[in-house]
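Scrolling down, you'll hit the structures one after another.
In the two complexes below, chain A is the common chain; its partner is chain B in one and chain C in the other.
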Partner chain A sequence: MQKNNWYILYALPAVILVTALIALPTIFTVLFSFTEWQRFNITGFGTLRHYARALKDLTLGKAFVHNFLYILFTIFLEVGAGLILAGLVNHLKHSIVYRGLFFSPLILPSIVVGVLWRQIYAAEGGLLNTIIIALGGKAVSWLDQPYTMISVSIVSGWLFAGYFMTIFYSGLSRISRSVIESAIIDGATPFQVYTKIELPLIKNLIMLSLLIVTTGGFKGFDLFQIMLRRDPMESGIVLPTLLVRIFFENQDIGYGSAISMILTAVVVLIMVIISLINKAVGEVEEY
Partner chain B sequence: MKKVYFLTLVSLLVFLGVSVYGGGKQEGKGTVLRVASSSEGPEHIAIYDKMIADFEAKHPGVTVTWDRSSGDDYQFQGLPSLLQSSTPPDIYSEWAGNRVKNHYLDHEAMDLSSLADRLRPIIDDSAWSGAVFDGKTYMIPTSQDVTIMMWYNVDIFNKLNLKVPKTWTEFLTVCAKIKEAGMTPILMGNSDAWIAGNFVGLFLYRWAGEQKTIDILSLKPGTKFTDPDFVKAMQFAYDLGKLGYINKDLNTLEYEPSFARLFDGSAVMYPLGTWFKTEIIQGIAPDPEKANFDFFNLPAMEGGKGDQSSYMGVNAGFMMNAKTKHRALAEEFLTMMVAPEYRKEFAKVGDFPSVKDTLDPSDSYAMKVKAMMNQTKTVVAPPDTGYNLEMSTALYQAMAKVLVNEMTPEAALAEVETKISHLRQ
Partner chain C sequence: MRSKREETILPHPLLIALLVILLVIYLFPILWMYISSARSMSDFVNNPLGLPDSLHFENYRQAFEMANLGHHLLISAFITIISVLCVTVLSSLAAYSFSRLTYAGKNLLYAFFFIGLILPVQSFLVGMFIEFKVLGLLNTLSSVILPLTALSLPLAILLMKAYFDTLPSSLEDSARIEGASTFQIFYYIIMPISTAIVVTVITFTAVNVWNEFLLPFVMIQTENLKPITTSLYVFSTKHSAQLTLKLAALTIIATPMFIVYFVFQKQIQEGITAGALKE
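What follows is the complex of A and B.
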């Protein structure tokens, strides 16, 4: 028994790291959200004022709506596109070339991606509008309302579709050829093979991807910050950019902490819902 | 054999000890004086580099490092992060007013009163405004900027036979003629919100009057942003948008890329500060020699309650970190920063130094700006440097929405009131 206690020491580094990097900051954030601040000085404790303010905050409401829109769009533009690309690539010769091509945007730094797409979307002289005008159309202010969220989501899709394609491709390539060949002998078209056999068999990966995209959607910051700058119209304000403004610009620690807690609660709730859906649908056995 | 092991171990420990001690000694060998500021043009940096070289030559073993980031990044993320970092700046640039006050409230500002007393004889009295709180001085002013002047393309004005407008009505006529000629009368790259914020901010002072505007922006009890004078002042901005006198994409157009349209002649006027001459023309114009631009102060708004010759300006300078370990060195560096010989160099590249008698009388541009400054005693502060930052963010958003007619002045100002209601508590 004495000998077994040594094993606690092996766990200690992990325990210390988790406590220092996750548990303590979380506890502090909870406490700060109930604290009255005068800039960086604590002036009281036990207030619910920050939470009450959050209920009436127009910008916070807008940021939540934008975040949900972003998640909705990226489900299609990242996971959906990733599924389609994986399905196509899986049946192509030299698929490694295509996989490399679709994955390549992800190796670019987000600052480069943001600046590049700003130029593409620029209302005057931007690549997209130049093409539209050349085809006889009218220039559109792509980063302005009502296009802001879909424009940024398209960039996100361009960036991450290849990532999800890689995940799905790894699942598709593990499906036994005999299953596919049996279906083809039975008269299934390639589309039927994809939708009726392949997709159901990688359902676990799809659910995992949905979880990644949904929770990751609440962390989207860099593209919004680079492409929209200070976004005076708030047409693309999302929770992370709002939090940066509250913590760094307004230096409002109490309110920022309260919003962080609300955000955490929402993300946890979404994770629970996805897990319940996953459970209800039933997991696919490893093949 | 054991002896060999023992000696090897001792040698290793001694070696490690010497290495560690030596390393530590290396770190402490030279003193590093850290400076942080918002980025400036290459000509400014060259003068600072010369100043640093002179300072380092005078203090062997002292190294001056300078951390620069672009204006907005510096204000909102760069400086706050640096001040909380393990290598905070000993000296940092700031804009007078509320920003200096916040550093003072956060115990990040060193009391520089004694240094200020020594420097007072060489610095303009007006430059200290916004640097003093509770009777103590926290910033040494180095320059005085006008943040909004209407810069215009002289060649296009001449071609269209336009004269510099003196009144708002004349200004609208000028805009109409430019629009008729197929160009954008007023251009703004407002994706960072402050350009339109400063421009329309001046409308508020001019129309509602200085004291009323200061009271409302300071959130004085009993005041409201929906005050009829504020609504009317914002109506001027709404009308500029409605008449098509401002580029429609102003809120998504970035600051630096926006100037391309000014230099290619598709837009004619740009509301910007004194730095347009050096940073924009010298730094961005494809052919600075051919860029023929001049400026005028915002025309008088007939019927306005404020001083119609007022201008929007801000004092800029340097503060000392309250936690600096090199106070004496930092004081000496700050003194060097306002030394007339260096400030004269800055004046040559377009600065308006806080230091007396540093402007070159033969510099017609400098003299014209100085004349504009001397024409009025009313200098008003931009909402984002003189007042609460959260308030100014909400106000600037309202202005951005009004300029593109996304909201009426009444609705936009009501939204400001809702957004800042917690500040009133």
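What follows is the complex of A and C.
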């Protein structure tokens, strides 16, 4: 290994970009959340007003509830479905064909997915209601309350089930053959092998997936914005769409920054909690 | 020894039948998009579930013109090419230094890139907007290219470094004895044998940048400068009633993505899932 402090120049352009476009703007946002603003002009610093306002904001509370519902639904529709799909193609020859197809919706830009599913869910002339009416049912407003969150979550599941299937499959394919063969010789059915032996061995990947879904549940913006648009009834408002609304429609920089920080705190907190749980569970098993 | 078949969770014929049924349901929305995009409006409204009475390929031409797709596709292509170029060059240089060179503060700098993997865009979106406003970058393509490059760098560096770490050091030693400079080793020895990882980084960065919605939605309000994603958003809100044309526009955007996906399936899956697996 060559040592020379000038070698830092190789990394410097990347470091400068990440500093200027991620690190600094994050620090700015922290400072802005304690700043008094008149539209785009600073009029004072050191206020906690924005955070006090957040505590009493009913719309923010609504957004939190929606985010939690979204996470709850997507744990089943993304991770749960991913586990089932991975189990189905596990040990199957040519499983790459099925995995490739289940993964394929994720390649589409969110604008295509959002506009397409908005059309599928449309109350009048939508694909879903056409099928329901043909089967003798009644038309439903899928993007209005009380269905909004489950409808958006289903689209999320449609996008990401194949993603988690791929993650789980890559873990399953690394399990040593001898473990599986000895279980089969002992008389275990393939279903028992999957649930009792293989799934515990990819426990880390399942925990990681829960982490991705829970933190991702607070970041999702595209589908909500594209499928619900301005959402005047706030039937599907979530933290990221609320942030964009406060900042860009109301041009409330101070309050928008505070919402940013609350969102960041929640995401980081979840990461810490899940990694602590993961560590605790790992330690228990060592006994 | 049992045959490979019997290890699957269900007996073979049953399993294949189940998977095929699941896939048909799963991919039906996409199939429906393709079928409906070639129907006339009146035919579609009569029965959204039906097959076309005749194929209306003029829908695609009409959608292409109405949504000005050619112009916005060019903008997306420009943003993607510049961002991918910057990401590839900057990440390979940085990863090379993290993997093969030694200098003061190296580990600290490497750890610094992880903040980019952890923080959600929402943590710095407001600060970035004001920064760009002050610098006069709002409503320019730079306001999208710069952050997309910066956001793609951490994962690209992580993947490249992991790959460079697996290369034997004997490669460089002999070149060094013959008097090759550090940069020459990077350019003539390391990069040529790393095409596999470079292709992975290029494909998934290109897909991510091409598909990006939030940043141009926030940064670019000038209609003429919008990439395909946010211009289609405006088109779909303006022409809500033109359902078949809307679906035709979606089809035009989706088809090349599927082609790219089926050509680069391995690299795209690797790149998109690597973000999760390397954490």
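Following the convention adopted for this analysis, the second predicted complex is superposed on the first by the 260 of 287 C-alpha atoms of A that agree within 3 Å, B and C clash if a C-alpha of one lies under 4 Å from a C-alpha of the other, contacts with A are read in each partner's own complex, and residues count from 1 in each chain.
Following the convention adopted for this analysis, a contact is a pair of C-beta atoms (placed from the backbone, for glycine too) under 8 Å apart; a residue touches a chain by one contact, two chains touch by 3 or more.
Everything numeric here is computed off the predicted structure, so don't read it as measured data.
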item	value
Superposition on chain A - do chain B and chain C clash or fit	clash
Contacts of A:F40 with chain B and chain C, given as first, second, both or neither	both
Of chain B and chain C, the chain that contacts the larger number of chain A residues	C
Partner chain(s) touched by A:V244 [first = chain B, second = chain C, both, neither]	both
Chain B versus chain C as contact partner of A:L48, first or second or both or neither	neither
Partner chain(s) touched by A:L17 [first = chain B, second = chain C, both, neither]	second
Chain B versus chain C as contact partner of A:V65, first or second or both or neither	neither
Which of chain B and chain C A:R229 touches, first, second, both or neither	both
Touched partner set for A:V281, first chain B, second chain C, both or neither	neither
Touched partner set for A:S110, first chain B, second chain C, both or neither	second
Steric overlap of chain B with chain C in the superposed model, located at which of 9-17, 45-53 or 81-89	81-89
Overlap of the chain B and chain C footprints on chain A, listed as residue numbers	40, 118, 125, 229, 244, 248
Contact set on chain A toward chain B in their complex	38-40, 53, 56-59, 118, 122-125, 141, 143-145, 228-234, 244-245, 248-252
Chain A contact footprint on chain C (complex, rising order)	2, 4, 6-10, 15, 18-19, 22-23, 26-27, 29-30, 32-33, 45, 47-49, 90-91, 93-94, 96-98, 100-106, 109, 112-113, 115-116, 118-131, 133, 146-147, 149-151, 153-154, 157, 169, 176, 182, 186, 207, 210-211, 213-214, 217-218, 228-230, 232-233, 236-237, 243, 246-247, 250, 253-254, 257-258, 260-262, 265, 268-269, 272-273, 276-277, 279
Chain C partner contacts - residues on chain A that touch it in the complex	1-8, 10-11, 13-15, 17-18, 20-29, 32, 40, 85, 87-93, 98, 100-112, 115-120, 125-127, 130-131, 134, 158, 163, 166-167, 170, 180, 184, 190-191, 193-194, 208-209, 212, 215, 218-219, 221-222, 225-226, 229, 239-240, 243-244, 247-248, 253, 256-257, 260-261, 263-264, 267-268, 271
Complex contact set, residues of chain B against chain A	72, 76-77, 80-81, 102, 105-106, 190-193, 196, 247-249, 251-254, 257, 260-261, 389-390, 393, 396-397, 399-401, 404, 406, 415, 418-419, 421-422
